[in-house]
Structure formats: C-alpha cells, structure tokens
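The same subunit A turns up in both complexes below, where it pairs with subunit B and then with subunit C.
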Partner chain A sequence: MTATLERPATGAPAARARTRAQRRAGHRVPRWLAIPAVVSLLITGLYPAAAGLALALTDSSLARPLRGFVGFDNFVAAAESVAFGGSLVRSALFAVFATALAVVAGTAGALALQARGGRFGLLGAVLLLPMVTPPVSVGVAWKLLLAPVGGGLTGLWDALGVSGFNPLGSGVGAFATLVVTHAWQWAPLVLLLVYAALLGVPAELWEAAALDGAGWWRTLRSVVAPVVAPTVLAAAVLQLVIAFKVFDLVAVVTAGGPGVSTIVASFEVFRTAFRGSFEVGTAAAETIVLGLLVGVVLGAAGLVTRHTRGDA
Partner chain B sequence: MRAAASRAVLAVAALLAIAPVVFLVSLSLRGVDDVQNGGWLPERVRWDNWPAAFQTVPLAQMLANSWVVALGATLLTALVAVPTAYVTARAGRSGKRLHSALLAAYCAPPIVAVLPLYFLLKSVGLTNSVVGLALVNGLANVPVAVWLLDGFVRRVPAEVEEAAWVDGLSVAAGLRRVVLPLIVPGLVAASLVCFFLAYNEFLFAVSFAQSPSAQTLTVGLSLFQGDRTVQFGQQAAASLVAIVPVYVLAVLAQRALVGGLSQGAVR
Partner chain C sequence: MPSPVLSRRLLLRSALGAGAVVGLGPLLAACGDGGSTTALPAGETADLTGATIRAMVNQPHVLAFTELLAPAFEREFGGRLETTAVPYDQLTSQQILDVQGGAGQFDVFDYFYFGLGALVDAGALVDLTDQLAAVDTSDFLRSVYDAYTLLDGRRYGVPFDGDVHVLYYNREVFETYGLEPPRTWDEYDAAARTITERSGGSVYGAVVEGQQVPMILGCSFINRLAGYGGSLLGPDGAPALTSDAAHAALQHLVDVAPYALPTPLQIGFDQANSAFLSGQAAMLDTWTDLGLKAQDPASSQIVDKWGVVPLPVGGSNTEHRTALNAGFGLGVSTAAADPAQAAAFVLWATDRTRNLLLASTAGAGIDPARRSTLESPEYAAATAPATEVIRQALTGSPLVWPKDTDAPRLLQDLVDQLALAISGAQTPQQSLANAQASWERALT
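The block that comes next holds the complex of A and B.
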C-alpha cells in the first residue's frame, strides 16, 4: 500500500534517471575505440619490457639475439661495469639539478611575464623558442658558444679575468654545462605551464592583497602560491621525466667526457649496445636497472606531489 | 618598480633564449680565420659555409627524411590519439586506467625500448627506413598527444553528444561528427607538439637508421663532430638548416601552440 502511494512522488525523477541511465548504457564507449591505444601500448610498452627482460637473461648479439639462457650473468656484468653504476648516479643528479634549475627559472619568468601584464605575444614566442629547438642543434650551439678558441663567450671570460676558461675541460664544468643547457631548453615549458596557471588567479585576489597592503613577497606566498603550487609540482615531475631521457645533448656536447664525467645512463646503455663491444645482453640488463631506478624516483616524486596537493 | 624589475628579468631571459642561435647565425657567415678571432660580428660576411655544409653531408636528403618522418609520425599519432583521448576522457574507470598506462609508458626513458624495437624493426625489414622511424616516433608520441587532448574532450559538454545520439548517431559517429570538430584546437596543438618531438628526435634515428637514405637531420648534425675548428661555420649553417623550419612553424602557430599546451595541461 505504502509503496503504491509513494510511487507517484518519486516516479517521475526515477523514470528520468532511468532513461538517462539507459541512454548512457545504450551508448557506452565501444571497446574497439581503445584498440589503437592497446596496440600502441603493446608495441611501445609491453613488448619492449618483455623483450628487454628476455635479452637481459640470454646471450645475445645485434645479429643473433636470444642465443641461450644465461641467468643473471648480464646483470652481474652490468654491476661490474666500471661506467654503469656511476652513470646511474649521474642520471639521477642530472635529473634533479636540471629540474630544479628549469623550475626556478621558468617560474621566475612566468611571474615576470604576468607582472608585466598584457598579452603573451611576441615576447612569449621568443621565450618559447628554446623548447622547439632540436636538442642536437642546442648542443652544437652551446658547444660553439663555449669553445675556448673562437667561442662566443671568450670576450666575457677575458673581461672576468679568466681568459681561455673552458667549462667543457673539467668534469664538473662539463656536467654543469649540460645541466644548464638542458634547463635552457626546458625552462620555457615550465614558464608556459605556470603562466597559464597564474592566469587562473582571480583578479579580485590580487586587488584584495594590494588593498591590504601586502608586499610582493607576501602576495606571492599567501595569494599566488596556493593557486599555482599544484601546477609547479606537476611541471617539476614532468621535468624529471624529460631529464631522465637525456641522450642527444650528451652525445653531441661531451660524448660522455672528459673521462667518464658526463656519461649518463642512456648514453652508457647506448655505448654498451651499439658501440665498441656490442654487449646486447649487458645493455638490456642495464636498461632494466635504469627503468627500475626511474620508476622508483618518479614514484616517490608522484607521492610527494599527491601529499602536498592533499595538504594544500 | 616591480614592473621595471620584471621587464629587466624578461629582457635578460629573451636575450638568453636567442643568444646561442644568434651566435650560430654569425658563425655561419664567417670564414675559418674570422671564427678564430672570436667575437660576435663577422669581419666580412661570406655565404660559402652554407653550400659547403650541403656537400659535407647529404643535408638536403636528410632534411627531406626528417620532414617525411615527422609528418608521417604526426599523422599516425593523431589517428591513434583521437579515439584514445575519447576513451580516456569518457570511459570512466577503464579510461582512467588506460590514461595511467600511457603515462607510465611515456615516463620510461626511450633507451629502454631501443634494443627491443631494433630487433622488431629488423624482423620486419624496417631498419634503415623512414617508414620504420615514422612508425616508432608516431607510436612513441601517442601518450603526449593523449595527455594534451584528454582535457579538450572533457570540456565537450555531454549534452551535445547526447543530442547527437538521440538523433541516431552511434558513439563512434558522434565522436567523428560532433566531438572531433570541437576539439580541433587541441588536435592542432597536439599535432604541432608531436611534429616537433618527431622532427627533433635523435636516439631512435641514430639507432635504427645508419644508411644515408634514411638518416635524419639530427643524425647528420652529429656527424659534423670530427674536425672541430675547421668546420665551425659549416656546423653552424647545418644546425640552422635544422632550426629554421621549426622556428618559422613555432612563431606562425604560436597562438595555437600556447593555447593547446596551457589548456590541455591545466585542469
């Protein structure tokens, strides 16, 4: 009885909800739309992971892969390789320093661009150019700029009283040069992302802060940071990802030298597989270790990001 | 005061952004002795580095290869990314899972995939081939395009699509006829970004294509390494051959690029 009495009251919205649900059900995203993505993931994700593992556990050459199971011999060879352990450390250091520099410079640029007001315009376009420059060309340009004879900065070194200074001549200098060059290329991406987020700070907030007599630093901390922080963190994680991929800059600017001081993991794996000894199995074992390292670092970075966002 | 400070910061930043490339232009117009003298301005402008660079390495062929690879890769990326972004944006939990899987694949350094992909390409006869490079680059850039497009699909109101379904369109037809036209700005931006990525790519190119018929421009530039001092001018000219097309494209399409990158990334 009660049921029949109640039905008219809830019937109309329920019916509407049902038709909506039916419409949704009748128009589920068809599974075949995901086929291209799945095929793409199979080729660029699952297959490389499986084949990499298979190569790492077997004796292989470029001409004849998978010649026989050798257990963990390749991992032992990777661990004993003089260059590989150091290259992992260098990759991690490179990623952290390059990310820090790109995030600081990019955020500063975005704040300056926002303070200037007006449109993104031509200045914005100029600031973004490094990002689209082929990294190989970036490497060539910086290498020529820093050349001890005929380089673009020889005049600057003379003026500073360090004539003939060659940053690429020492291990630390060469590593720092690569970090700066990489950050030069990718700070614009941070600038663009943070600038877009800054446009999301409501105008009333800026005005209210100004009315309250808040200074620049205070406004930045209390008004801007809460809105922009998630974007800055996301940009930082993206920069870590990009920095761990670095290969071309090293290949062109230093080729790993002087000595082994700029051999990052990507470059070392490439050397092991395609240059000199062609140790395909060892290289595959190295890629597995590298993949795990990147996974751990990015996983940690992701956790930190989520934690900070949750608090904000 | 604050405006003055920010203007100063921006002026320095703009100078830093263009200085290395400006120096390349200067070097490309100078002879060997002029380069050795240092400085930023040519003592006497000469153009012979440019034709010489085209003779030292088959630059014209490499430029053509780069464009074929980049255009082919971008087309493939777009064809895969549009339905994929629809799934990630509209298919609820499974869409989210697909999105995460794609991002995870993007996070791995490409060197991890190089050896397996080398053997795959070799087994199907696509090493030393622009087709092989276009395929690999096209698939490798799918996560980037989906990351940018996902937000654009989400902003298409569900009602618009539902209206199309009521009119009898299937979901796939609705995607093609209703959603696709509305996400064109995102698709343009994503395609530009993926074009730049494929055009600038070096690791796959140097690993999979050793023969001159398939070598791309980035590989060609790395071949200038040998004689350092002598070839400064030629090396600069060759680098500029690679840079000029992307700069022209980036400036012409600046609005589409900035809009797509900033909107796609900010949720």
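The block that comes next holds the complex of A and C.
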C-alpha cells in the first residue's frame, strides 16, 4: 500500500501565508498560561538565589540579617575560616569516591541479578532497603555498629584479631567509613537503574553472542556495555549530585570530626550559619562557592556523558 | 494589532518587578524592626490561672519540664505547659530563628548563658530588669545570678540551672588498683594510665568529653584551664589563650587521650554518662547532677560505688576552681503571646520550691541556682556524698565564660582549634595561637 503525501501548491504565496497563519492560530497557547510556572520559578528559584546573594554581600548574622553592604568580605572570611577550604576538597573527593564505589557496586549487583535470571523478586527488594532508609537512620545504625566500646561490630573485630579497631578514630578512617556507608546506601539506586537498562538488551543479542562463542567479558564489553553505558553515566551524574549533598550522614556519624577531617562543604555551611558562629552572610558566601564547584564538576560530568553518548 | 493576551515584554517586566520585590523583601523587613528589644515594665505579677505557656527547652532538661513542672503547674494553676525540646548544640540558633523568622511559637526560652549576647542582639529576649527589681532575688547564688542574666547593665532572665563541673570517680575501681582520688591533673593522668593499662582495656581510666561543640569540648578544656590557674580573658578583657595555663590545659587533653574512653573527639554528654554509669570508665569531669543518676538503680550499675572530688589543680596553682560550664536561665521571648504571664511563669518555675524539687530529682538535669537549695537537708540527702563538693564549687568564684554577641562564634573557633590539636592535625601551640588570633580580631 502506498501513502500519498499532499503538499500545498508551490508558487502560491498568499495561500502559503494563510496556511502559516492558520497553523499559528491553531497551535497558539495563551501566554498567561505560563504565569503559574513563572511564579513558581520566582518563588523557588529567584527568591532563594536573590536572598542568598544579598546575604553573601552584606553583614548578616542569624540575629540581624542584611545590616550593610560589605562587598566580598564574606567570601574572604570563608576563605580564612578553619574548615571551609578543606571542606570543598573533601566534598569533591567524597563525591568522586562515593560515586565510583556506588556505580561499581550497583552495576556489579545488577549484572549478578540479571545473570541469576528470573524477576527482580524479593532479593532485589531487600537490596533496595538501604536506599529507602532515611540517611539519619543509616547514620545512627552505623554509628552504633562502629562504636569503639560496646559497638555491634566489636565481636567481629575480636574474631578477626583486630580488637579495638576503631575506624572512626582517625581522620582517614572516618572519611573512608563515610564514603563506604554512603555508597552502601546509594548503590541500590544504581542497581535499579542498570538492571532496568539490562532488561532492554534484546534477547537476540544475547543469543547471537552465545552462538558466536563470546565469553562473559566479550559479551559484557560488546553487547551489554553499548546498551547500558548511557544509563550508567546518568546514574553516575545522579550519584555525584547526591554525594555532593551529603549532610545527614556526616552530622550523625562523625559531626565533622575527628578535628575537621570529615567536614564536607554542606556541613560547614550549616556550622557557620547555625552552630556557634551564626554567620549567615559567610554561610551564604560558602553556599555560592559550593554551588560553583558543584556546577563545574557536574558540567565536566555532562561533557563526558555527551561525549560518550556521541561515541555510542 | 496588540495581542489579546500578555505580551512578552509585559511578562518580562512583571517577572523582573516581582523578582525585585521578593529579592528586596528581606532587606526591607530587616530595615524594619530586626533586633529591637522590648522591656517589661514593673508591676503586679500576672495571674497564671488557666494559662498556657509554650517553652523551648534544652533537650537534657525535658524531664524537668514535662514530668515535674508541667504537673505542678496544672495542679497549682490549672494551667498547661507545652514543652519543645531542642538539642543543646542548636538551642541558641533555634531560639533566634523562632523570633527572627517570625514563627513566634514560644513564650519562654530555656537559654544558655553564653548565648545571652546573641539572643539580646537578635531581640529575642524581653528585658526583665524592671520586673525583677521588685522581686526578692537575694536567694539566688551570687556566682550565677549576674553571670546568667546580666548584659550591659540590663537583666534578661532568671537563673534556672546552676551548672558547674566536679570530678566523679568509680570508688570500687580505684580501690581495686590501690589508687587515691586525684587532687591534681598529674595524679588524674597517672590514675587513668594505671587503670586503663592494668585492666586490659575492660575499664578505661577516664572519659574525656571532646565532641566539637563549646558545651562539650569547651567544658573539658576550661575545666583544665581553671585547674591550672588560667582564664579565657585577662583582667583587661583581652584574650589569654596562649598563657602557660592554657598550654598546660590543652597538652593535658592531648596526653590523656590514649588512656581515655575511645575516641575523645566523638564523646558527648550521653556517651560519657553511659560509660561512667555502666562502670566502663573510672573518672568523669561533668555536671553535678550525675550523682543523682549514679544512685538511681534504673540508670546506674555503680550505685554506692562512686565518689566525687573537686576538679583537680595543676602547675603552680593549688586552689580548686571550677567553671560555670553551660548554665541556663529562663527568659521571656519577645514573641510571647502574653509577656507578663510568661514572666510570671519564669518567676514561678525558678522559685525556691521548684529549684529544690528539680535539683533533687534524678534525671531532671537541673543543678542548684539558689542558696536555699544548696543548704536544704532534702537536697543534701538526695546528692550525698557530692553535696559538700557541689557547695564549694557553686559558692566559690567559678570561671565565667564570655557571653557577648560574638561569644558563640569565639567559643566555636576555640573548640575547632582544640579539636585540631587533639586529633594531631596541628600542635597545641599552633592551635592556641590561632584561637588567640581569632579572639583578638573579634575583641580588639
């Protein structure tokens, strides 16, 4: 069967103009319909941004905001503070390490589930539990498990011959513990996304690869990876965002310590504004700097994603 | 032909206008009445019959309000006391936000005295000077009355919880290892080391509370600072954080860490009390109400097995001296529904009967703020054998923390630097020099 495409006659400007006008009239959406969206953007986007900028450029405490214009003094104060500079580095490291760990663990879990065959099932649901548990509860649970005296893992350390092992007792150990705990909580999200992507690999491809004698690694590289790579990258970007936002876990498990070794930028903003100093102006300046850092990292991640998708 | 709907230009203008209004909103609001204080005139104490009082309180005080004050308030006045507990490290900020944010959900604040300047600067507390001038306040302990309530010649509250530290020790553990309770910080070190090493880790010689907030690590440092004869500020009001006493105090915190309950920088109020009351740790410098808990079989495994001594001394100092560590007043929020009624409640909740009741009840978290409580047989019976040590501490001349507007920030700066030294990230000398520089910038 052949379909016939009717075109308007060429060389008839009046008819063409009429058609365009009719099309425009037919597709026209009154602009006032955009008002709810614009108002919503003003409230949720412009207001916080304007208020944040105003606080960052003024002498503002929790008690007395917007006392007077101080230029970039708050940014200088943030740079001179004990913890903020290091907290930016720690936030970036935390985001990169936690994302890498969560993506690797989540992807491996998804492949294992897929190889097991059958449905997502009870096992899959159980694996998702950490993700749906509030971060505060996760933090409390791990803090109790890792408590150096009477902690839930004390017996395990004794059995392993490392009695008194206290991962939260040193800066590096506490930071690594937070990274692992965060990855443990969020790897299931990657697992879920990648597992869904794996379901999109056509069965014929699996069969063809098997018939061609492709091994596990070759199948993974040549059949699975091209299909799931965009999803893995999207999950990684999502993980980066989640990891940069980490706060609850730090507040509950280490409160930034020992010393300043686990103070990430979000926790430092909280400390500056609400814990002790009440320097809301400096906290706003710190928030802006953190926002820029997150923008740069996510921009770079976006470029990598686009590049990879182009290749794919 | 003009569009029958909004033009793009009009829409953009409207958006910019609205953006300018919402952006300038806080600015205009701030220019209005931010930070102003109100004073309650002298007059008859308001009638509390049938009153409803909403109080924001320090979390460790929640039992005092819900289990003791609320029932008594209902019995006496048919009134209702609604209590909201806030963690101690967020108390001052939440009180400021309640007033500054416009929520105004509370009539009475249970406030930290070292946050007094910040609260007054925020206009969060009612000036009670004239009200209190007509009230007999002679029973309040001199050591806490001005410290907790007076700022720039005006009075903003009434003492509620007279907090000082003393040193508790596990008598049974000390007897097991043939030790005497320490009089000096050196003796404290030696005892901690002996117990931790000889017990094989089953009991730690000491608990050092090092959680990185002024109320915890600040107390641990200031206890030692006072013991070594130092102070936070010199007689001229200049910071004195690089004194020999300050160095000795911080060095002591660093040196005792290996023999203390792991890990000092993670140990807060609750963990420290639990470790001591369960017999896992043998010494703890903390608030005086711990004795009540130690004698309560429901919360203690060391009933009749503990003792208490004044905080040790060190260096060339031979006089025991404690510090007003934390300490609370009750004040009236400027957002109170009825400030006169809230003030009447504050006076009722801090009177002789209430102070004795709260200070003598285990778990209330309240220490004496009145002489009559310290001298009462009921209190002595409840707190024995700590009573005499507590009396000495509260009737002496304890070290007072700064309480001006910048005090919360300065104290946080100090504990940040202390934590860096204890964690080994920098030397005690460097930490104290940094803290001194920060304080000098703010105070001079």
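Criterion: the second predicted complex is superposed on the first by the 272 of 312 C-alpha atoms of A that agree within 3 Å, B and C clash if a C-alpha of one lies under 4 Å from a C-alpha of the other, contacts with A are read in each partner's own complex, and residues count from 1 in each chain.
In this section, a residue touches a chain if its C-beta (ideal position, glycine included) is under 8 Å from a C-beta of that chain, and two chains touch if they have at least 3 such contacts.
The structure displayed is predicted, hence computed values, not measured ones.
**Student:** Looking at the overlay, what does A:260 touch: subunit B (first), subunit C (second), both, or neither?
**Tutor:** After superposition on chain A, A:260 lies in contact with subunit C alone.
**Student:** Just to be sure I read the superposition right, which of the two partners does A:30 touch: subunit B = first, subunit C = second, or both, or neither?
**Tutor:** both
**Student:** Between subunit B and subunit C, whom does A:123 touch in the aligned arrangement: first, second, both, or neither?
**Tutor:** In the superposed model, A:123 contacts subunit B only, not subunit C.
**Student:** Is it subunit B or subunit C that touches the larger share of residues in subunit A?
**Tutor:** B
**Student:** Tell me the contact category for A:252 with respect to subunit B and subunit C: first, second, both or neither.
**Tutor:** In the superposed model, A:252 contacts subunit B only, not subunit C.
**Student:** With the two structures laid over each other on chain A, which partner does A:277 touch: subunit B (first), subunit C (second), both, or neither?
**Tutor:** second
**Student:** Name the contact category of A:135: first (subunit B only), second (subunit C only), both, or neither.
**Tutor:** Only subunit B; A:135 stays clear of subunit C.
**Student:** Could you look at A:43 and tell me whether it touches subunit B, subunit C, both or neither (first, second, both, neither)?
**Tutor:** Both partners.
**Student:** Quick check on the superposed pair: does A:113 touch subunit B, subunit C, both, or neither? Answer first, second, both or neither.
**Tutor:** In the superposition, A:113 contacts subunit B only.
**Student:** A:64 contacts which: subunit B (first), subunit C (second), both, neither?
**Tutor:** second
**Student:** Could you list which residues of subunit A make contact with subunit B in one structure and with subunit C in the other?
**Tutor:** 30, 34, 43, 47, 50-51, 62, 65, 149-150, 255, 273-274
**Student:** Which subunit A residues qualify as touching subunit B in the complex?
**Tutor:** Interface residues on the subunit A side: 23, 26-30, 33-34, 36-37, 40-41, 43-45, 47-52, 55, 62, 65, 105, 108-109, 111-113, 115-117, 120, 123-130, 132-138, 140-142, 144-145, 147, 149-152, 154-155, 184, 188-189, 192-193, 195-197, 199-200, 216, 231, 234, 241, 244-245, 247-248, 251-252, 255, 265-266, 269-270, 273-274, 280, 283-284, 287-288, 290-291, 294-295, 298.
**Student:** Looking at the complex, which residues from subunit A come into contact with subunit C?
**Tutor:** 30-32, 34-35, 38-39, 42-43, 46-47, 50-51, 54, 61-67, 82-83, 148-150, 163-164, 166, 168-169, 171, 254-261, 271, 273-279
**Student:** Could you list, by residue number, the parts of subunit B that touch subunit A in their complex?
**Tutor:** 2-3, 5-7, 9-10, 13-14, 16-21, 23-24, 26-27, 35-40, 79-80, 83-84, 86-87, 90-91, 94-95, 98, 101-102, 104-120, 136, 139-140, 142, 146, 162, 165-166, 170-172, 174-175, 196, 199-200, 202-203, 206-207, 217-218, 221-222, 224-225, 228-229, 232, 235-236, 239-240, 242-243, 246-247, 249-251, 254, 257-258, 261-263, 265-266
**Student:** Could you please specify the touching residues of subunit C with respect to subunit A in the complex?
**Tutor:** Per the touch definition, subunit C meets subunit A at residues 3, 5-8, 11, 15, 18-19, 22-23, 25-27, 30-31, 34-35, 89-90, 92-93, 96-97, 100, 118-119, 121-124, 201, 204, 211-214, 261-263, 265-266, 275, 280, 405, 408-409, 411-413, 416-417, 419-420, 422-425, 434.
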